[in-house]
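Two complexes come next, and they have one chain in common, chain A, joined by chain B in the first and chain C in the second.
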Partner chain A sequence: MAQSANTAAGQPRSSYIKWHQLLPWLIPALLIALWQLAVATHWIDSGLLPAPLAVVQDGIKLWQSGELPKNISISLFRATTGFVIGGLAGFVLGLANGLSHTSRLLFDSTIQMLRNIPHLSLIPLVIILLGIGEPAKISLVTIGVLFPVYINTFHGITSVDPNLIEMGQSYGLSKWQLFTKIIFPGALPTILVGVRYALGVMWTTLIVAETISSNSGIGYMASNAQEFMDMDTVLLCIVIYALLGKVSDLIAKALEDLCLDWKTKGGAANG
Partner chain B sequence: MKSKRFKTALLLILLGAWLAVAGYGYTQTRPTTSKEALTRVVIGFQKGDIVDISRQHQVLAQKMKAAGYQVVFKEFQDGAALMTALKSGNINYARLGDAPPVVNQATGLDLIYIGAGAAKEEGTGILVKKDSGIDTLAALKGKRIAYAKGTTAQYTIIQALAKAGLSLNDVKLVNMDQSASSVAFAKGSVDAWVTWDPFTATAQINQNAKLLTNAKGLAKDRDFVVSSRRYATKHRAISKALLKYMSQDMAWARTHPKQVISMQSKMLKLSKKIMRLTVERRTFAMTPVTTSIVKEQQQIADVFYEQGLIKKRIQVKDALLN
Partner chain C sequence: MAKPLVTLSHLYKQYGDNHALQDVSFTIHQGEFVALVGMSGGGKSTLLRLIAQLEQPTAGTITYAEPNLVKRVMFQDDRLLPWMTTLANVSFAAHDAKTQARAKETLAAVGLAGFEQTYPTELSGGQKQRLALARALMAAPQLLLLDEPLGALDALTRRNMQTFITHICDTNHLTTLLITHDVDEAARMADRVIVVKNGRAVYETVGAKGQDAETIARVGESVLRVILAPAPGEEGGSRD
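Our next item is the complex of A and B:
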């Protein structure tokens, strides 16, 4: 949204602005129209795949019964807590390993080993270690979020232009100043890419996490509906995930635009 | 700088709304249990099973509370997670079908049978499409059959094929979970599907399916309530109370099919028609595990061992507390 406003600023014709603002929604709208059409013309059996309208109705029904608001808010709580813990841990580890060679030798290969373990296979371990309550669900999200933030922080810090650091040193900057004025701002774009990616991972892990003895959350709603072939609700959950994904992406993008202001302005670091 | 202010505002509004909703979610996750000093008894169940009926009927929890125990029900989406939770002591009792206790005993889980449900032979069986032309068990030869590994469905299909004089190699068995099987069966990707109610009833009513055979004479498909030996040996009184009150709940369910039908159809979001078919062809009970039930379980264990599905020959009677 913010981006289209920027590009539109140079364009005098207002119709062009509108056109550009609508363009991102063209494909989703087309897909939904096609889907409705396919069901309406019985090209797809509505018993197997309900029409978009039926999904919306299901959503309204579940919202009125209080089930949907409850599940969305609980999922959001789990996702956010997991994201904050995992993101911070990933950031700190990435920072430490990016700055210290000893720390890198100590931690990096362990983290790389853990990174590729599928979350589904971690469930038994998580149950044994953390039980079946909220900590178990949150910890899975934490693990999922940790790695993208870690890798991007690490990569961002190690790939800061060494010439810039040298320049800073020749200006007599202290180590702390070197970090806050050169290394961190230089790494920030990459770190934020990690954050954006992690926000996506957060939702996909959550759906797995919410299959651990839960009776709430969107993941629970989805897997439960799936088991009993309640396709309306299955599709509703997919739509909710898509929307939540879009909202988290909007937040990440707004954050990126604000934090990386210095890049476009060419001014001093914004601290 | 208007755009920057707009972006900051957008960010703050979105973040604020996000955190507010998450905060509300946090309050929703807090348990609303009483603070009385009752012994907690945690029972794991799966949606729509007999424990779920007890939970909804609420009598079990009330009577256990009067006896000094606070019953906590924990819902699980799959049997594997349920077993892990039992193993690790996060739950004290679990409701399982007839095959999972056998499989788990063979993998070294020290489980104890606490009680057994009624046989559900009529709702379990092999589904085929009405127009498939498959009318006998022998006609299954060369067909693709969906089933779920380690469940009563696996036992049922082995027994059914044996009855028809076929071996497991004469058919193509496809291991799938219930939702995948349901779609595959509806789309015709598999020719037959071995499953249990309410999936059987759903397919019969919504998917133009018929029961090629039910499980009569093949399998019993009982429910079992199991615990771990560690817990069961120390808490005999709890097991006894649980068994007693659950059997009272089941007696209620037996005599109130109408209530059970509407309760279950709300719980599982399935039509009353489906639930009526399900409830009317089964009965509800919770009894101690008798010698004849042990024999049934032993047969499952022996068949699974012969087929190489479990690696150890087990004695089911070892999993009883006496």
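Our next item is the complex of A and C:
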């Protein structure tokens, strides 16, 4: 009896997990189905909005011709290079200003001024100074990524519980040990929020930069297709942006799960 | 008489216009369990922070038996590091090669054997305080400073922890200073009870550690009378 009760209890749980995993994909799948249906039944003019299948076929064609892999690669290169440079600069500045009062006095006011300039408004200036080559687009991504990483690193460092720092000091930790064992781990959740946000900014900035001033990349592909009213490719580029954004978010989430596994523990025992 | 470990001499501490401590002098002897008891805001925790060298006195001196006397504080809020396992929490401040083995022994001594890879958020309130105690014991302190460590626990866990801490301190011959506002706790655990009131050490009596309930109650009663007695210039009676 007990065994059958266990089986009965286990079955719905397993179904629930599968259903739970599928749930996030339900709305996108429904929207695509609706879109396909609307085009197939001529509710929507396929000249204005091609069917999803047409977009997929266009994607396969561009992939086979080598155009799509080339443009995705160059966009990925720009995005990751800009992200690494901007992220590192933001992290180092956030760290320095969070840890050193002198550094904070020296840099923070200037950074706050610069932070409030919308970085996309710098595009004309960047084009004049750097042209439409790689440095222009990478520097725009760098600027876009720098500030969210800076703010979150700075905030994370300065928000570490002072009681924990006092405890560390009273237990004889050196300054380096205080940093590695208390300050940095304490700030890490906030820093990773900044990284996750910066990944979104990275794609937005790159897409705008590539759309306005480029001769390669996904943004260029989209603006070029727009010139020829090639709606299949325009939609394909939008779908690729969405997928790249989702992949970035998954990477950020995986990083959080890896570094902050202690946050998922819990449920204190009684007594 | 055991030799003095810490001697406080005419200690004053001032925060702006607030005189937190005024002319406090007493000595803690080696192996002694001393309780400082009094109402909140009376200056007990300030005294502990000065002895722990977390703050400096405005005037007066604190003399330690050795210049590098090993002191460890167990705080009221456990101050455990949530990103570290219990084992790492105990060993995080130690540096020698035998750290891991000693950390496991210390965890076992406080009844947390088998919890080495558990995170603090998975522990109960009593277990967290045991872990905080293990962390303090890990350095083999010459002076253990307990800053109202049981304040947040329920009555039953609190009583168990009182017995447990007393046992650990006796077994390890630890010199201990306990800060508490609970007169019963002070009487039950300490060799000597000092009442701190309005920033002054106003009364001192022998504690009732290991004695019967009646003696504990008698000591507690005498301490409570001093705490509740109106200070010179105050009106008598309760306003409750």
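The rule is simple: the second predicted complex is superposed on the first by the 240 of 271 C-alpha atoms of A that agree within 3 Å, B and C clash if a C-alpha of one lies under 4 Å from a C-alpha of the other, contacts with A are read in each partner's own complex, and residues count from 1 in each chain.
FYI, a contact is a pair of C-beta atoms (placed from the backbone, for glycine too) under 8 Å apart; a residue touches a chain by one contact, two chains touch by 3 or more.
What you see is a predicted model, and the numbers here were worked out from it, not measured in a lab.
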If you tally the residues of chain A touched by each partner, is the higher count for chain B or for chain C? B
Contacts for A:128 in the overlay, against chain B (first) and chain C (second): which applies, first, second, both or neither? first
Quick one: is A:182 in contact with chain B, with chain C, with both, or with neither? Answer first, second, both or neither. second
Contacts of A:258 with chain B and chain C, given as first, second, both or neither: first
Based on the superposed arrangement, let me know which partner A:203 touches: chain B (first), chain C (second), both, or neither? neither
Go through the superposed model and pick first if A:147 touches only chain B, second if only chain C, both, or neither. neither
Could you tell me if A:170 is touching chain B, chain C, both of them or neither one (first, second, both, neither)? second
In the superposed arrangement, does A:241 touch chain B (first), chain C (second), both or neither? neither
Taking the superposition on A as described, I'd like to know which of chain B and chain C A:91 touches: first, second, both or neither. neither
Within their complex, chain B touches chain A through residues 3-4, 6-8, 10-11, 14-15, 18-19, 21-26, 28-29, 44, 47, 74-78, 80-82, 84-85, 87-88, 90-91, 177-179, 182-183, 186-187, 198, 202, 206-207, 268-270
Under the stated contact criterion, what part of chain A meets chain C in this complex? 163-164, 166-173, 177, 181-182, 185-186, 188, 260, 262-263, 265-271
Residue positions on chain C within touch of chain A in the complex are 52, 54, 71-73, 75, 77, 79, 81-84, 92-93, 118-119, 121-127, 135, 139, 157
In their complex, what parts of chain A are in touch with chain B? 1-2, 5-6, 9, 47-48, 70, 72-81, 123-124, 127-128, 131-132, 134, 211-216, 220, 223-230, 233, 247, 250-251, 254-255, 257-258, 261
